[in-house]
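Below, chain A partners chain B and then partners chain C, in two separate complexes.
Our next item is the complex of A and B:
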C-alpha cells in the first residue's frame, strides 16, 4: 500500500516537474534563440528558424554580429542613456511615491481619499492618449540650468525622467504595503516623539524592502522599455535610449544577426538588475500571496 | 580726441561690417538613414563638402531610424521643432504640405528638368521636394528557369500580357520544382503593399482614388476593373501560385535565392544582393494587365520645412546635394536608381549595358506615383488591409466596397483635403 502511495507521489512529482519544465521552456527558448542567433550570419539564422537548430550553437558561429552592431549604432551610448534615465527615474520614483504612499496611509489631511481615488483613476488612462498633450506641455516648459533660463525640455534627459517619476501604480503599491504594516510601531514612534519624516525614514522604509524591490523592478522595466515617449521628445542621437536605438537595425533589409546581438546586449542590464533584487521581489510576491 | 573717436568708430563699424559679411547661418537637417552606415557616410560627405564649399551656410545633420522617422517629424511639427531641411518618402509629401510642415522649394523646377519623374514631389502645381534617386520593382527570374519553362523574355516594349504571365506561373507550378511560382513579398506588411501591388490594380484600369478630383474612390476602387483585379489577385493565393499573408519573412528573404520560388516581385534595392548569389538572375518588366505595364515610383526626397528661416540656404544645399556625382555615389553604394540619365552613366550598375540598367528604363517608362493627395496616408492603410483581406479569401466586392467607403469617409471627414 505504501509502495503504491510512494509511486503515486513520485508520478505526481514527475508530472509536476514535466509541466514546470515545459512552462520554463516557453520562457527560456526565445532567450536561447536570441543568444544563439546573435552568433550566426543573418541568412543562416533565417534558415535555422524552421528547425531546432535555431536554439543550438551550430553552424558558422562568430562575433561578427556584435562588431557589426557597434559599427551600425552607438550601442554604448544608448545603453548608458537608458541606464542613466532608468536609474535616475527609479530612484526618484521610489522616494517620491513612497512619500506619497506614506502620506496617504499615515497622515490625516483634507481631500486625502479623493486625491487617492484620482491617482488610482490614472490607471485607466493609457499613456498614448496623453502623449501629445504632454509633448506640447514639455516643449514649452521653462528650465533653469547652468546656461540660465531656457524654454522647452525637448532633447534632454530631464524630459525623459521628470514626467515619469510619479505614477499611480507605484504609489498604489506603497499604499497597499504600508497599510499592512503594524500600526503599533507607528504609534510607539509617535509616543517616543518621532517626527513624521523620522517615522518614514527610520521605521517604515527599513520595513519596506519587498515593496521597494517590486516597485523598483516594475519601474525599471517600464523605463528601460520606453519607446514612444523618447521617440517624440528626443531628436538628438546623444539622448536616445536603447529601444529607439533598436530601430537603427531595421533597414529595408533588416540585419537580423545584428538585431539579435543588440538585443542580447541590451538584455544584460535588465537581467542583472532582476538578479540583484530577485530575493526581495519574490519575498514581496510571497507576502502578497499570504495576505490574499 | 576727435581723431581717436573717429578711429574707434571706424574700427567698430569695420568689425560690425566684417561680422555681418562673414556671418554663417546654421541650418539643421534631418535624415532618415540612422543605422545605415553606407548611406550615412555619403550624406555626411555631402554635408562636409557643402560646408567647405562656401561660408554663408553651415548644415548640421541629425539622423533618425527610418522606421520611426515619420513619427519623429510629426511630433516635432506639433512641438514647433522642425529643422530647415528634411527628407521624406515621396507619397507622404502632400500630407506634410497640407499639414503645413513644408514650403515650396525656392528653386525653379527647370533646374531639375532631367530628373526622373518619380523623383519630383509636385503638389498643387508647386515643387516641394526632390529626390536623389528613385526605386523600381521588377519581376526577378532566372534565365535558366525561363529557358526550362520555354517562356518568352518580356521587354519594356513588349511586356508579358496577363495571359502570358499566368501561363508562366502555371508552368512554374506544374514543373513541381518550386514551393510556389512567385513570391510577392506578402510577409512584408506596410507600405510595400500599395507600392508594389497598387500598380497591378492600375494596370487593370482601377485605382485607389479618382486622380482627376481626388474627392472620391467610388467607381475607381470598386468599379469593374478593380473587381477584376480583386478576383485575379485572390486567385493567385487560392490556386497556390504565391504564398499568402502568413508567409514566413525568412522565406521571403531567401526563398528566390534558395530556389523555392520561380519568380520574385522585388525591388531594385535587393538586386545587387541577389546578383551576388544568383548568377543568371534577370529583371523583367511588370506584366501588362490591359492598361499598360506599371510600377510604383517616388522614393525619399529632400524638402524645406515651412518654419525654416533660411529657405534660400536650404535650397543652396539641396542644389548642391543633387549634383550628378552625388547621385552616382548613392547609386553605386546602395544600388539605387540615380535621378538623372547623366548620373546613371557614371554608375557601375545603371550605365548603358550595366547589370541594372533595366531598372532605369523601368522607372523612366512605367513608374506611376501613388495618389498625390494628403489623404494617401489613410488610403494606403485602407489598401493594405483590402489587399491582405482579399488574399486571405474575403469577398472581393464587399471588401472593395468597404475600402471605398472608408476612403470616402476620410475625404469627407477632412473636408475634401482642401488646400490651405
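Our next item is the complex of A and C:
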C-alpha cells in the first residue's frame, strides 16, 4: 500500500513540476529568443524562427548587432533618459503617494472618504482618454527654472515626470497596507509625543518595506515602458526614452538583429531593478514581526 | 505628579452615547483602577484621558488644567497598551528611548534614563534585542519601560496583562504594584479582572454602560457595595443572590425568609423595605460555613466540588432548585449528591431591591 501511495505522490509531484516548467518556459523562451537573436545576423535570425535553433547559441554569432545598434541610435542617452525619468518618478511617487495614503488612513479631515473614492475611480479611466487634454494642459503650464520663468513643459524631463508622480493605484496600495498596520502602534507613538510627520517617518515608513517594494516595482515597470506619452510630448532626441527610441530601428527594412540587441540592452536595467528590490522585499517581510 | 478630575465627561459616536456623564477625582499619586464588564466604556474613558478619543462633553482636568482639546503629547501622560504596541523595527533600547528621541533629548540623557528604567524592570540584558526575540512578558516590560523613561505625571494602563498567561500575569501585577510604590506617580489602570483591581488599586471605579456605579477603596466596595451590580462584580466567586420575602422591616433591619431557608434578621444598610416585598439577599460565598441540620440556615445537595487546596468551592443545589456557591477556606471533602447544611452571619449579608 505504502509503495503505491509513494508512487502516486511522486507522480503528482512530477506532473506539478511539468506544469510549472511549461508555464516558466512561456515566459523564458521569448527572452531567450531575444538574447540569442541579438548575436545573429538578421537573415539567419529569421531562418532560425522555424526551428529550435532560435533559442540556441548556434550559427554565426557576433557582437555586430550591438555595434550597429549603438551606431543607429544614441542608446546610452535613451537608457539614461529612461532611468532618470523612471528613477525620479518612482522616488517622488513613493513619497507623495505614501503621504497621501497616510493622510487617508490616519488623519481625520472633512471630505476624506469622498476624495479617496474619487482617486480610486481614476483607476478605470484609460490614459489614452486623458492624453490629449493633459497634453494641452502641460503645453501651457509655467515653469520657473534657472533661466527664469518659461511657459509650456513640452520637450523636457519634467513633462515626463510630474504628471506621473501621483496615481490612484499607488495610493490605493499604500492605503490598503497602512490599514493593516496595528493602530495601537500609531496611538503609542502619538502618546509618546510624536507629531504626525514623525509617526509617518519613524513608525509607518520603516514598517512599510513590502508595500514600498511592490509600489516601486509596479511604478518602475509603468514608467520604463512609457511610449505614448513621451511620443507626443517629446520631439527632441535629447529627452527621448528607450521605448520611443525603438522607432529608430523600424525604418523601411527593420534591422531585426539590431532590434534584438537594443531590446536586450534596455531589458537589463529592468531585470537589475527587479532583482535588487526582490531581495529588499523578502528581507522586509522577514523582519516585520508585529504580532506576539 | 498630577491629580485628575473628570466632570460630567461624555462620549458619543453619532447618536450612540458610550460615556454618559462621568465624575471621578483621582488624587496625585493615586492608583486608580477602572473596572467593569466588556463594553462598559472603561477603555474609552482611559483613551479620552490619553487624548486618543475626542471628548463629546464635560471637562477633563489634569493637574488643574483643562485638557479637553490638548494633544496627547502635551498632556504629560504615558500609556501601556494591551497589545504592548512596541515598535517591531526598533531594538528594546530604541523602543524605550522613543519618547525621548522625539523630544530631542541628548544621547547621554537617553542612555541614563533607559538604563534606569531597565534596572527598575530588571531587563538590562534585553536592551539590544528586537521585540520579535522577546516573550510576551518581556514585551510588556518594554512597553512599561518606554512609559517610565519619559517620567510622565500620569501612567495609563489599558488591560496590560490580558495577553499574558496566569502565572506571568500575577508576576507582572506585583511588578506594577511595586513600580507604583517606587515611582509614586498617578496611575490609571483599566481591567475587567477584579483580582487585578482589588490587589492594585487605591481606588476602584466600577463602570457599567458608561456610568460610574461606585468608586472607592477596594475594601469599601467589597464590604459596602452601592448596588447589586457592584456586589456581584467584585469578589471571586461572585456574591450569591437569593430571592427572599420580607416578613418585617424597619430602618435598620429586615426579617426575611425563603423556601429553603429559615427566617433571619439582616441589616438593610439604608434601603427601605416593606413587609411582603420581594428582595435579593446578597451572600458572599466566603461567609458561608458548614453547619449542623439543627443550626444550619441553608440546606441543599452538593452538585459540584472544586478543591483548590487552600480553598474548597462547592456548588449547592437547594431544595427549590436555585444554586448557591460556598467557598470554604480550607481543603474539605464533599461527595457529589451529599446533603449539607450551611450557616452564615446575617450581619455580613446585603439586602437589595430586585431592580437595582
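Observations on the structure shown:
The rule is short, and it goes like this: the second predicted complex is superposed on the first by the 278 of 292 C-alpha atoms of A that agree within 3 Å, B and C clash if a C-alpha of one lies under 4 Å from a C-alpha of the other, contacts with A are read in each partner's own complex, and residues count from 1 in each chain.
We take it that a contact is a pair of C-beta atoms (placed from the backbone, for glycine too) under 8 Å apart; a residue touches a chain by one contact, two chains touch by 3 or more.
What you see is a predicted model; the values in this text were computed from it and never measured.
By the touch criterion defined above, A:96 lies against neither chain B nor chain C after alignment on the C-alpha atoms of chain A.
By the touch criterion defined above, A:270 lies against neither chain B nor chain C after alignment on the C-alpha atoms of chain A. Of the two partner chains placed around the shared chain by superposition, chain C is the only one that A:190 touches, whereas chain B remains out of contact.
By the touch criterion stated above, A:244 is placed in contact with chain B alone, chain C being left untouched. Counting the residues of chain A touched by each of chain B and chain C gives the higher count for B.
Legend: residue contacts after superposition of the two complexes on their common chain; A:162 is shown touching neither chain B nor chain C.
Put simply, chain A touches chain C in their complex at residues 182, 184-185, 187-195, 198, 202-203, 206-207, 287-290, 292. Those residues of chain C that touch chain A in the shared complex are 50-52, 71-73, 77-79, 81-89, 98-99, 102-103, 130-132, 136, 139, 143, 146, 150, 156, 163.
Partner chain A is touched in their complex by these residues of chain B: 30, 34-37, 62-68, 71-72, 75-76, 78-81, 248-250, 253-254, 267, 269-270, 273. Per the touch definition, chain A reaches chain B in the complex via residues 43, 46-47, 49-50, 71-73, 132, 135-136, 139, 152, 154, 231-233, 235-237, 244-245, 247-253.
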